[in-house]
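Before anything else, here is the set of structures, which you'll find just below.
Presented sequentially are two complexes of chain A, the first with chain B as partner and the second with chain C.
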Partner chain A sequence: MTPSESTLLEMRGVRKTFGPVIALDNVTLNVKRGEIHGLLGGNGAGKTTLMNVLFGLYKADAGEIAVDGRVAQVRSPREAIGLGIGMVHQQFLQVNSFSAAENIVLGTPLRNRPTLDLTTPKQKIRALSEKFGLSLDPDATLESQPMGVRQRVEILKALYRDAKLLILDEPTTMLTPQQVDSLFNSLRAMVKSGLSVIFITHKLREVLTLCERITVLRNGKSVITLAREEATEDTFIKAMVGEEMNIGRSLLFAKSSYETEIAQVGSKELLKVDGLSVEAASQENQVISDWSFTLREGEILGVAGVAGNGQHELAESLMGIRPCKGKVVFDGAEMTTLVTRDLLARGIAYVPENRWDDGLLPKATVAQNLILGSHRRPPYSNGLMLNLGAILKRSQELIDEFKIKTESPQSLAANLSGGNVQRMMLARAFSQNPKLMIVHNPTQGLDIPSTEFVYNKLLERKRAGMGTLLISENLDELFLMCNRVAAIYRGRIVGVLERGQFDAYRVGRMMSGLE
Partner chain B sequence: MKQTFISIGNTLIPYLVAITASFLAAGLFIGMMGFDVLKAYETILLSSFRSPGAFAQTLVKFVPLLLQALAFTIPLAAGKFNIGGEGQLIVGAIGAAGVGIVFANLPIYLLLPLVIIAGVVFGALWAAFPAWLLYRFGINEILTTVLLNFVSFSLIDYIATEIWRDPAAGHPTTVPIGAGGELPLLMERTNLHAGFIIAVLIAVLVYIYTNHTSAGYELIATGANARASRAYGINVRSLFLLSLILGGGVAGLSGAIEVAGVHHRLIEGLQSNFLLLGLIIGLIAKGNHFGVPFVAFFIAVLEIGASSMQRTMSIPGEMVFIVEALILLFILLSDLVRKK
Partner chain C sequence: MDQFDSFIGFARLILLALVPYVLASQGTMLSGRTGVFNVAQEGIMLLGASVGFLVALYTKSLLIGIVAAAVAGGIIGLALAYFSSTLKMDQFVIGLALFFIGLGASSLAFKLVVGVTLQLPRVPTLSNLRIPLLGDIPILGEILFNQNALVYFSVLISIALYYYLYQTSWGLELRAVGENPKSADSLGVNVVLMQYATTIIGSALIGVAGAYLPMVYTGVFTQGITQGRGWLAIALTFFGGWRPQLILLGAFFFAIVEVLSLRAQIVGSAIPYQFLRTLPYITTIFVMIYAFRWTRVPAFLGLNYDREKRSLS
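Our next item is the complex of A and B:
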């Protein structure tokens, strides 16, 4: 057996439960030396849970982990690092005011602690970053760095600690297509030098271009492990979504049959924004400067950009939550001076990006959450008194339709999982039947059938001539649903592409300010 | 309806456990001090029900406890902490007594409403000051409401010793209010006054407001997540202001009732320890406005039992205060246990 063929990591029969929820059930994973192993699955399939078990963040109820053929106990991240396992989390844990080098050495034993002389570590960091094409300036503080660089810092953290196995959890979410290519090249260089990589994602396209072998997880079970060339795209899709979905009729997978319908747009202008500007609330946020665009009836207008380039400010200023300058005309009437309550009453609904802070009332019931924003209007209220019967009835309908997993409408909303909070917010927005809907990353945390459901709902709205402003970091989603996509960078609209001109690399260049 | 039944059971069980555990703990102390534990339990729990007089006494105690609890839980629903119920009670009592003394000759159908309304308005104004500081400058309401309590102590001292002092009394006390300002008695040969009806009515109104109206829904939503509420069109800063002023009005009402129903004059110290007990009641009920009146009644029973126990068995009445605090502690603990 050649070294590259031998197994580096084996996880056997791993089981993990959280109360009554079985997150992982008899999961098996086998990673070879020098391979990029894709871990594919929809949201909630158990990918991150499995990796947290491997990294010592969770204790498995059953099963064993073997590294280099030896059974190992991983009780903490420290022990995992000792075994040569490195992990890049979805949310980076970094000290913004420290330099890249300081962030990388943080927590490692240093020989010259009192002087904090980083000459030797920096040499090692430079060597690593050259070897794998992870270019960065070790002395630059992180707060000024873009996401791609901050991710390299996380990867170098693991490599600096001599990781043999690198776990990347959804590493491409925050990156432009160009940055994704560069990341993939670095990963390929790593496996060439004998490292192994576990690449977690819910994007099939990425694993198919990058990974040699792929394990698919669904509902906490490992469904199959296949080599890339052994199987077709369809095999993986079926493994991911199971049999419950008719892929042949799916909007997500059989896109072309919906093309004409999606391309159709009404003629009347629904929303006209003229010279919209938002002052920066803090230095971290980007200002919006002088945005003008229109949205027609039946149109889905996309806004593409790397997170933090003005998307949040755009949504909040249109919803009347954040003060702004400029003129907004909606449905023939000027809206600029209206407060949020009036905007909601005129038929604008909002699905915020930050669901925990802006969307959820954790200490209230699911029903109370569902009526937020409509609580002064029929059928929930006659303006003064709430109609509790109607609220419970309508809530139950929405819970059923949007498949929100909760015991009853009167259960506490704090107990909802992330995906279910997202479903609740979508149910709330769609139930208002708004003429204009502003949705920010609407399918984050949803599994594939739920994503499909949301897209079909958006399509229904389109047929009825209603407008949608779709702000998303997922280019696939924008290209699938939108009639036009506006690419933004540092608070400016760089350009607007029509359907038919959509090109991921072009949008990627616009999103990084290169065009 | 089955679901509702189960959830009520789930809510009540931790309470029963907490009460039992606190009584066992207190029994341990009482036993170690050499007293008869069972007799002490009996006295604490049953004194209120031994005679119509004792029961009336319990209800009289119930009134300020309920209103002080509401003065705390109304702002709490919006996520704000009113710890100034004591000061608002005192200033409400000053307003009520002032009107009752100045217009002493008015007939009851004029004077009584004026006395009560003065209490509400003075209490609301006393809370409006910290509420405005919060609204305008974002100053933490916990600090300002607590500090204003101390101002009110000096204020009542000044009024009871300088303005309307009763020269015959040995303790800082004002002259009595006009007879038309006194709340009528509900039961003969007891001191149960009509303030009881007012308090129950207020509790019902607060329950309807918070649980059955759109405006009350906004209060609850704001308390659950002010940022999200704002994103969905609720003017949360105005609700902070409103909820604190409403709380102050209810606290002021409790002051007016103490003057018009119990003392018929302003007496320094009439605030007793109602604020602290009100906070305990509000927290034990977890701000649930259906539960507040029942908890308030239970605490009133314990308080009456405590004084009776002190009288007949010479066990310190503070023992009951320990029981009350332990109940709260165990209730909070049960929340933690359930979360794990």
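Our next item is the complex of A and C:
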């Protein structure tokens, strides 16, 4: 094959602006037939925007797209689909009240249009899901399905339309390690059958195990495209962040030099939970039965578990969002009956797992989102009126400190990129300077420097003697930062490991109910 | 007062009263299912009543009058679709503006065409259409199968809408637009086209609902002839959970209340008719409180979809 024959997709000189923001500037991307092509880049680098242009959701200001060597106009998703492009979005685009099969066939020319008889489409769906190991029940309504299944629906949507090129925008953020493995197997099977895949992620390890070639974006420009063999982790980090990160002094890459500091804990109890139980509000929610644990000053206590085993309920009941039984003592005072507003005032902050639904007011400005929760207190409010000057000043400081990529504090929060929404939520929680912070998957969707930044912030809190409850599905993260890790399974604490005893396999067994 | 007191007469009146509710509410439901929340019903119905009446008066054809009312409603629908789907303006604000436009235009048209007269012009009322064979069934035949054409039409359109929405793949696409327009868009469904089509057709149905009033009840057009039926149609749509089959059922309740309050007005009763008239609103509120799952509304009702915006406004 000549080089041009092996090329499936070429994007040349793509430019996209949103008002004054230049999201993409002269970007080039070249994807070969039958390869998994990694797309790397920091938060707000323009990865999602580039893919939205390719999929016809955004209209580019300039640039050219060629598929199979022919220049193509992509003015709408319909045309993109016609060219054999399928996309799995960072936020799934699904009709929750429809069944999996209905979501998949939606918009396709069904032969028997007037009858909505889905027998034949379902056969095709079953065949595809078997072929690529994407098991699901076509008749189940999506609302009740876990993230892993919902993602398979998104992938099957593309495969059902005979996509030649599948775009996956941060597909692994919401998945458990097992689900990631099965996704990778499916992707490999797809590539074997001739598909190409564009794979966006922040996890270098994933890129290096899965992708043949990798393109790096930085600040809306394509920096470099490399084959996997040519490159190491360092090359990519350099390409992504420039020289702004000092790898030698990094918490992430030079773990051992921080060991003694992280291992330290205060002696005073900050939080004591005794017999905490949460009843299921609906079937999907796991009941928490009889949890007891303590968290000391300066401690980072980890909670490890596969999503849906009670961690969401734990966080919400401690934050007063969900009714619970049992006794919770915080900082010497009982707080079981307090409402969220009082809990915030006493110095507890929360970073929820689902940033889109639980963490963000999309139609409010970045500034408003940043002070949410402290907005009743001075200097932001005198009890009656908001002090807009103080709010703007403080939010600008936070935007600078947490490097939130936004045009101004007054921009709509919904326009932030995925990782920047996460930074905004973290900035809000950290800025409240809480004695206890409950963080749930705090680094999901964050690029490497931001992850490093968050870990440093957590360390700072530890030095100041404040406590953190770190709920995470990322064992590396838990083992790096925590003094103790509690493994949970089906709403029960299976066991608690001390730092020094951490063992991924052991925790893995506990999390799957084998121990 | 035979009509009210004989069973047959009473049942016939209910079916008669059913029609404007069914048509206006199905029209509301249709565009709502693609996310366009029409709140101009009262204005559209008044305009439909006025235009339908005037055209029927001059063409001497009720059918042409009904078509004209549908066209007038459709034009308002087109405006609503243009301002919300294309220009992404606030649907409620536009809807209220269109209500006032309909209100004003209906009486203006009447004054321009008819002028001020002592003797109000009349159109003949829609005659009954007896269905062969079925109409001969005792009692039932008289109630169900000896009615005017729009009674049959409103039941048939409800059935057709049910079939369309839930049994065809077009219906699947239509519902998807109201539940998650971005998802529909990303699968190649033409969101804007769907919204235009449903809003125009829906408003046309509402226009016909308006024309029904002078053509069946009174034979004349008077200001405020709709008597709040347009607002009630919105309530009925919620009452019926934005589903055509339940809207048809719910319309019976609304029609019964209307007939009862009419009776109270004419014959007199222990319960003041003003109270009876508020009953549909009160019931709707209770239905919405206690049967929220049942009255599940389209997820993007009242919101506009913009492909390049990350939030839906």
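Everything below uses one rule, namely that the second predicted complex is superposed on the first by the 326 of 515 C-alpha atoms of A that agree within 3 Å, B and C clash if a C-alpha of one lies under 4 Å from a C-alpha of the other, contacts with A are read in each partner's own complex, and residues count from 1 in each chain.
Methods note: contacts are C-beta pairs under 8 Å (C-beta built on N, C-alpha and C of every residue); 3 or more make two chains touch, one makes a residue touch a chain.
Not measured: the values here are computed from a predicted model.
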{"item": "Touching partner for A:Arg78 - first (chain B), second (chain C), both, neither", "value": "second"}
{"item": "Contacts of A:Met385 with chain B and chain C, given as first, second, both or neither", "value": "first"}
{"item": "Which of chain B and chain C A:Val339 touches, first, second, both or neither", "value": "first"}
{"item": "Which superposed partner A:Pro362 touches (first chain B, second chain C, both, neither)", "value": "both"}
{"item": "First, second, both or neither for A:Lys59, with chain B first and chain C second", "value": "second"}
{"item": "Chain B versus chain C as contact partner of A:Gly69, first or second or both or neither", "value": "neither"}
{"item": "First, second, both or neither for A:Leu116, with chain B first and chain C second", "value": "second"}
{"item": "Contact residues common to both interfaces of chain A (with chain B and with chain C)", "value": "362-363"}
{"item": "Footprint of chain B on chain A - complex, ascending", "value": "316, 319-321, 339-344, 350, 352, 357-364, 368, 371-373, 375-376, 380-381, 383-386, 388, 407-408, 410"}
{"item": "Footprint of chain C on chain A - complex, ascending", "value": "18, 55, 57-59, 76-78, 81, 87, 89, 93-98, 102-103, 105-108, 110, 113-116, 157, 362-363, 412, 414-415"}
{"item": "Chain C residues within the chain A interface of the complex", "value": "166-173, 175-176, 179-180, 182-190, 296, 299, 307-311, 313"}
{"item": "Interface residues, chain B side, partner chain A - complex", "value": "3-4, 7, 212-215, 217-218, 220-221, 223-225, 227-235"}
